[in-house]
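Alright, structures below, take your time with them.
Next, two complexes with chain A in common: one pairs it with chain B, the other with chain C.
Right after this comes the complex of A and B.
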């Protein structure tokens, strides 16, 4: 009976039971009142803590929504807000247009020239700080993948040609890449490849031609040919007004540099061209 | 007595023997100069001339805009060809005035010598510093007059002239001290009067024995002045290090030399000030060391500001072989350039041409926790941790570890056996922190 094994079993079980009792009492005394709805909403949020909403992570946003400081639609990464709205006892309009991040540059390694060989830190910010970037074009994608590293959802991968590729299925339009890119090349555009000028260069035509095969040269052909006058030329760069654009595809056809890309709506092609 | 120094630092291969014995040669004025309006730290100057104007030597062509700014003067006489943007080696784009030389070197008639500094009030001397277009000629190009206008409640008691020239390969300051010691000392006295300082120290690394001798002779027993021989070590010429070595004072974290009553100027800045006081000619030329194993005949050249570096290389016989890198400044802090049309500016101390073999880089590997970077960091920082935080984008933690005290001397990168770009990562993070501070106001 006096075996050390028996004694130690009793002693350890005793300590265990005692600690258990203390913990139960402590949890009753020091209980923190949590809003059950906050926990519920946190469960409905993506949980990536991307910070796209401006709050410290998903928990922070859930608390803000419950406190009434943030609208139920504050999370840019959530696709369907109805569940959150239900928890909060409000109704929201279902989201009709989902947005995704899109890179407004087509100049990969093949299409562009470099000014010098860059040997520094493989980070777009660092490359931009080194004499304004190694790329011939001072507006185009540096291709070092800072956006891919920053994307909290793993939606961006770098292609062999050195351009980021957005997986539209994974992209939640949280906007982290938009803020990360030192050249501000990402924009949140409606899903489904709208007709867009995929260039941000404000350089004059001949300068663009020298450094890039697919950059906007500001020739204005698209402006002249657009049947609905949706395109304007600002600082040597064509800009399409999405409100006016009918996706007729005339500009895509006419662009000499093939900078304008997008999906053409078939019905509208006939309508706009009158064919 | 052991020469004074600081904790940490490195001993790179100096390469000064290539040019330290060569006298300063004057390079003839080029056919064309490009004078950027942003040759100094702070607000760029505003151009005063337009294309087609005729300008004279020493004429003011750019007016200082704001307090932290200095004017720019024409370094040749001739016709203004254009006023437009040019890119600078550091990546900035600045408006620049391009002047075509008419070969006359016609001096601007309104220039007159301000005269003996002893006859001028300190206030007037401070104005003259600015009028002379003086910006630190060591490399950072900080407007000199700003240093002499300390904030309320702070006093300058000592002026330290920086003749350490710790950057390997460069010998422009060395030659200046040997050949123009009198001018350096006169400039120092004028600077002391402008700042109301009672002590003047010229700090020189002991590897420049002839310069120390020449300066001691020029001082001629003046009790207010002294030459401080410092140990040969990089970055001995960094502001905080030179103050620590020469005076034993420690500039607080985040502070400026003025916090310990000191102003540090480059010896070339002092000489340029003395020149201006004696002749009225503002800062229009400087000594540039053209050196490195990739150049045929290394030289110390006195060149007009705005001369394209191509001209300097031509004067030195051109490249000895296919160059690997052309660096403007010293090898430790100077940026490499990607074409040779960049002009010489106020802060251009040297042009270093490295051969292909010298720049053979290597793959950056993982940190092996050897701690060498910690040992050499003159600021007692932890570059290994800072670089890691920088890589992770953990700016708050980096700031807590004192990243903003880093002066980017590059010792950590120099010693890293894993070839990690420590300083570059830290610099990148510093830029991000500054951008964030600006954003949040």
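Right after this comes the complex of A and C.
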């Protein structure tokens, strides 16, 4: 019985069994009640942990929904809430208007001029910190792709012209790009390309013309021509009120810089011209 | 007291676990991208290493009693794994906030060779219980210091123009080597004289 092999077996088995028992007892004592519904909802969420809902990741939102602190529709990246609503035993209205991120700038490499040659880190924040950006326009897209890197769904790619392009199919309107862009050029707009002023420049007309071929010069032609008075000028920049806009397309035709773009609704064109 | 201070100073600076003994390199490189997570990892390791030093001290006495010291490594790993599991459960119950902060790193520590290393070094150096615990905690503090320092450097490096061939892990390893060389400067202290009261 005194052979080291026998003792080893006994001592080691003893330690093993003791540890096992301790862990089993501990797991009973320290058991934490987890909501099964929270895990189920977490499985239904996109799992990208984008933070668009304002909670710490998809797990945080799932717990908040179960606890009743967040509505079942709190996730901006989910398209169909019916599954989550079913878990929670409530019904939701189907979402009618889906939103997607849109860049409000048309000034790529071809359309704009630069103030100096930038050779620093290829990151928009870094470029913006360097004397306010290398671009002639201090409002336009820097084109270094920080938004493309930040997008948790891979919906943004950079074009050859140096502008981010949003894949509307992949975009979930989580809003990460909106917060990432140092010049706040992204906005969450209804999908289907609504009529929008694709410029954020508040500079005066001649200054815009100097640095960009497609920027809003604040001329006011669209304001005068809009049949429903949906456009106003704020800080040398035309702004379209989406509540009033009928997508007739008059401003798209009249804009001398071709800054206003969007899909014209055919039914409404007739309505506008008829009136 | 002098002996304890010598042990503490020694394992934090002179024979730093990461930079001089090269133990625990995996978390040192793995979770040192952000200072915040590095601090979390550091404190989790401190906690486990202090406890492991205490437990393995008793275990070693048990093994010596039965004259089966050959099983040292085996039993130490087993007990450390159990300990980490146990600690994880307790933290999950008592402090969900701390559990969230450490969550990912706690299970990782099970296979952190620095924890096993400190247990084996305690035995080799013949430390008593108090000395072993002090050695464990201070070695872990040394680990924390190293990983936080390194994370700070890596955060800066993220914005540095690193040549393409060196981007990512290569430059991290080069930097780790440079930090390690810097810590060679702590060699040669007469610690007994420094902490004699």
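The rule we apply is simple: the second predicted complex is superposed on the first by the 243 of 275 C-alpha atoms of A that agree within 3 Å, B and C clash if a C-alpha of one lies under 4 Å from a C-alpha of the other, contacts with A are read in each partner's own complex, and residues count from 1 in each chain.
The working rule: contacts are C-beta pairs under 8 Å (C-beta built on N, C-alpha and C of every residue); 3 or more make two chains touch, one makes a residue touch a chain.
Computed from a predicted model, the values in this text were never measured in an experiment.
Trainee: On the A-aligned overlay, A:126 touches which partner chain: chain B = first, chain C = second, or both, or neither?
Mentor: The answer is both, since A:126 touches chain B and chain C.
Trainee: A:23 in the overlay: touching chain B, chain C, both, or neither? Say first, second, both or neither.
Mentor: In the superposed model, A:23 contacts chain C only, not chain B.
Trainee: Which partner chains sit in contact with A:115 here, chain B, chain C, both or neither? Use first/second/both/neither.
Mentor: First partner only, chain B.
Trainee: If you tally the residues of chain A touched by each partner, is the higher count for chain B or for chain C?
Mentor: Touched residues of chain A are more numerous for C.
Trainee: Which residues would you name on chain A as touching chain B in one complex and chain C in the other?
Mentor: Comparing the two interfaces on chain A, one with chain B and one with chain C, the shared residues are 120-121, 123, 126.
Trainee: Going by the contact rule at the top, pick out the chain B residues touching chain A in the complex.
Mentor: The contact residues of chain B facing chain A are 87, 89-93, 335-338, 361, 393, 421, 424-425, 427-428, 431-432.
Trainee: Along chain A, where are the residues that touch chain B in the complex?
Mentor: Those residues of chain A that touch chain B are 115-116, 119-121, 123, 125-126, 129-133, 150.
Trainee: Applying the document's contact rule, which stretches of chain A touch chain C when the two form their complex?
Mentor: Per the stated touch rule, the residues are 4, 7-8, 11-12, 15-16, 19, 22-23, 26-27, 29-32, 120-121, 123, 126.
Trainee: Which positions of chain C touch chain A when the two form their complex?
Mentor: Counting only chain C, the residues touching chain A are 59, 62-63, 66-68, 70-71, 74-75, 78-79, 82, 85-86, 89-90, 92-93, 96, 159, 161.
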